[in-house]
Amino acid sequence: MLHIINFAHGSILMLALYAGFFLFTLGGVDPYLAVLILAPAFFAGGYLLQRYVIAPVSFGKDTNVLLVTLGLSIIIDNLALYLWTSNTRTIDVGYAQVFVDVGVTAVALPKLIALGAAVLIGILFWLLMTRTDAGKAIRAVSKERQGARIVGINVEHIFALSFGLGSAVVAIAACLLLPTFYVTPQVGNAFVLIAFTTVVLGGMGSFIGALVGGMVLGIVEAYSGLLLGESLGQIGIFVIFILVLLFRPTGLFGQRA
Amino acid sequence: MKKILLVIIVFFLVLPLFVESRFWLGFWTTTLFFALLGQSWNILGGYGGQVSFGHAVFFGTGAYVSAVLQVRLGLDAWTSAAIAVAAGALVGAFIGALSFRYGLRGSYFALVTLAFAEVFRVLANAWDFTGSGFGMLVPMKPGAANLQFADRSWFYYAILLLVVLAYALTWRVERSRFGAYLLAIRENEDAARALGINAFRIKLAAITLSGAMAAMAGVFYIQYYLFVDSHVGYGPAMSVNALLAPLIGGAGTVLGPLIGAVALGSLAELTSLLLGKEPGVNLLAFGVLLLVILRFLPNGLMGLLRGRS
Amino acid sequence: MAVLEISDISKRFGGLLAVSQASLEVQAGRITGLIGPNGAGKTTLFAIIAGFARPDGGSVKFDGREITGMAPHRICRLGLVRTFQIVQPFGALSVRENIAVGSHLHERGRARALQEAEKIARQVGMQAQLDTPAQSLTIAGRKRLELARALATQPRLLLLDEVMAGLTPTEVNEIVAVIRSIRDAGVTILLIEHVMQAVMSLSDDVYVLNQGRIIAHGGPRDIASNAQVIEAYLGRRATHA
């Protein structure tokens, strides 16, 4: 929403995945419960990261933010590599094997839960943005930074708040992902471009867009995997990203003309 | 300034005479390689202000085209090298034409270059023609005609020659109208257009030159290591390496990438010494250095040196 | 023949009609002023003339040649150059290097371009700051640099957008003298200004824009006493002088 490209997004996801993994293997905490721990923790972490690392280092200039978050992602990714090695970790929860019949096919339970959660979060955010003061402040800063500052909105705080919220959502996503996915230090990289593609396709600043974008991409990924084969199939997402940026940068539901 | 330049050149020229160990020769060869790759990024990103996150797309093209032409089509190394460099220029022109025609700037341009690099990576990994998952192996046939040298110090001199040529070219660009226009576009593209600059054409020229130079580095790489796969050639690691040296050393300066490459290479050796050789340690240090530079020395190490003189 | 002829230019931004059927002519060798209350559409008109925005209707002719919708760099090469209301310096470059970018339009060689730049700097009174980085300049310096840069392209028609905004009275007087000397050297000038006494003393001809429409045109004296103009600036009550 704030038009900040956060390159460290994937790295934060990776951290959250590891956090969830360790909570499960060392603490016996079920991933869905881990949400209650990790979401606030990552919210706080994200807030502090933006307020006291990213903002000062980039001097507030948006063009630097990309480089700074790149630096951060390098640090985080390689710290993870150093601490936890590149061995793939997975967790084993009983219900990961449960399949739900949705008429056409059977879907793994965790994936259905993830879908439901995504929709729920989308709705929550929409409510947040339109009904709460904080949400309105975020939208104000998004549209007119100087003006927002003049009416007394603490812009640095708002940016940090947004980052914190984004990180919290990432943490939730990680918990939803954990039952059916694997964890390595490189896992974040795969998601970075997918996340950007989702946002760009859906349109910056639009939650419906992100949801729709995510679904479209999921379908695209599945079909290109089907048509082009396993290795070539990954291309689908990248090609969409390029095409959208070139020909329809506002995405499907975007705001900026 | 000229004196310092002379000292630097002499230093690099006589280096192999004093360096006995294969390790250190390799260190300097690799450092010069990154100085070349970094300069290619510098032209587009440092002078032109168009930050690229996918420079591997040009590098990988140079390495792969050279390898494929030699292995699959039996062409000689020199011809393959020339065609590979031209291929790099072509890829540059292609990506530039699309991106700049549709007005991509800043972060969006950076991400699009990354996306292109990923597309090429997937393609190289999928096609048997490019060796699919196994990569391309160029058979070892030492001899100048094959651009392979039994004596490793010849590789050193080769990369040194390439670096001197590339840096001399960059120096000329800096002092030309093309360079002035590039800087103007970097500082303020709209103002530049208002002053009669065809921004599209200038940026296109920059990315084409940048692509050719990066492909040249790719050609060196394949001749030196005789191996490339999709991860090495088109992966994010090489893209990151391409931008680290100029950013650390000083983007938009001629010597920046060289200084950055030396600094990074030295840092890598230092961290290996202090923290061991576990994977990730080097890059971790690089990431920290990048943030430190961005915060305290936005003009890179060159900024520090300039402040002194 | 007029150097610049604008006919029925209209521009819409979403629901807002920024410029509505505006027509004006700029005669060669003269200084024409474009005034109007804030938000009247003056800068939009400049943007359209210089090729930074496409009009929804109407045409722009430079020396009789249709330039509507042409790319900015081509328009500049034809001899029409604009400055920006919000100054756009090449921050990291020195004053000399900034101006040289303009000089390069007609001078390929670097050394000559830098020499030309120095000449232009003297012409506008910036010779003391030739090696200062543009980002260190005060607002007055930046405005002057903007003017110098545009001048370096050897324009036939110069569009100046509020080049006096934010200047002290002394600085205004200096700039007025510089602008006059530019005109005397043969350059035609169209300027947007709010500093009234400067516009009125400089201009041979004045157009008034209000809410996107040209509401008056004439010599400075006539405009100053024009009821509609006064109303546009001060509101209805103020029309009894």
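A few points about this structure:
A, B and C label the chains in the order they appear, each numbered from 1.
By our rule, contacts are C-beta pairs under 8 Å (C-beta built on N, C-alpha and C of every residue); 3 or more make two chains touch, one makes a residue touch a chain.
This one's a predicted model, so the numbers in the text were calculated from it and none came from an experiment.
The most central chain, judged by C-alpha centres against the centre of all protein C-alpha atoms, is B. In terms of the distance between Cα centroids, chain C is separated most widely from A.
Per-chain Cα centroids separate chain B from chain C by 43 Å.
Averaged Cα coordinates give chain A a centre that lies 47 Å from the centre of chain C. The distance from the centre of chain A to the centre of chain B, each centre being the mean of the chain's C-alpha atoms, comes to 31 Å.
In chain A, no residue touches at least two other chains. In the complex of the two chains, the chain B residues touching chain A come out as 51, 53, 98-99, 102, 104, 106-108, 110-112, 114-116, 118-119, 122-123, 125-126, 132-133, 236, 240, 247, 278-284, 286-288, 290-291, 294-295, 298. On the chain A side of its complex with chain B, the touching residues are 5, 53, 56-59, 62-68, 70-75, 77-82, 85-86, 185, 189, 193, 196, 229, 231-232, 234-235, 238-239, 241-242, 245-247, 249. Put simply, chain B touches chain C in their complex at residues 175-177, 180-181, 183-184, 187-188, 190-199, 252.
Here chain C touches chain B in the complex through residues 50, 52, 71-73, 76-77, 81-82, 84, 88-93, 97, 100-102, 104-105, 108-110, 113, 149-150, 153, going by the rule given at the top.
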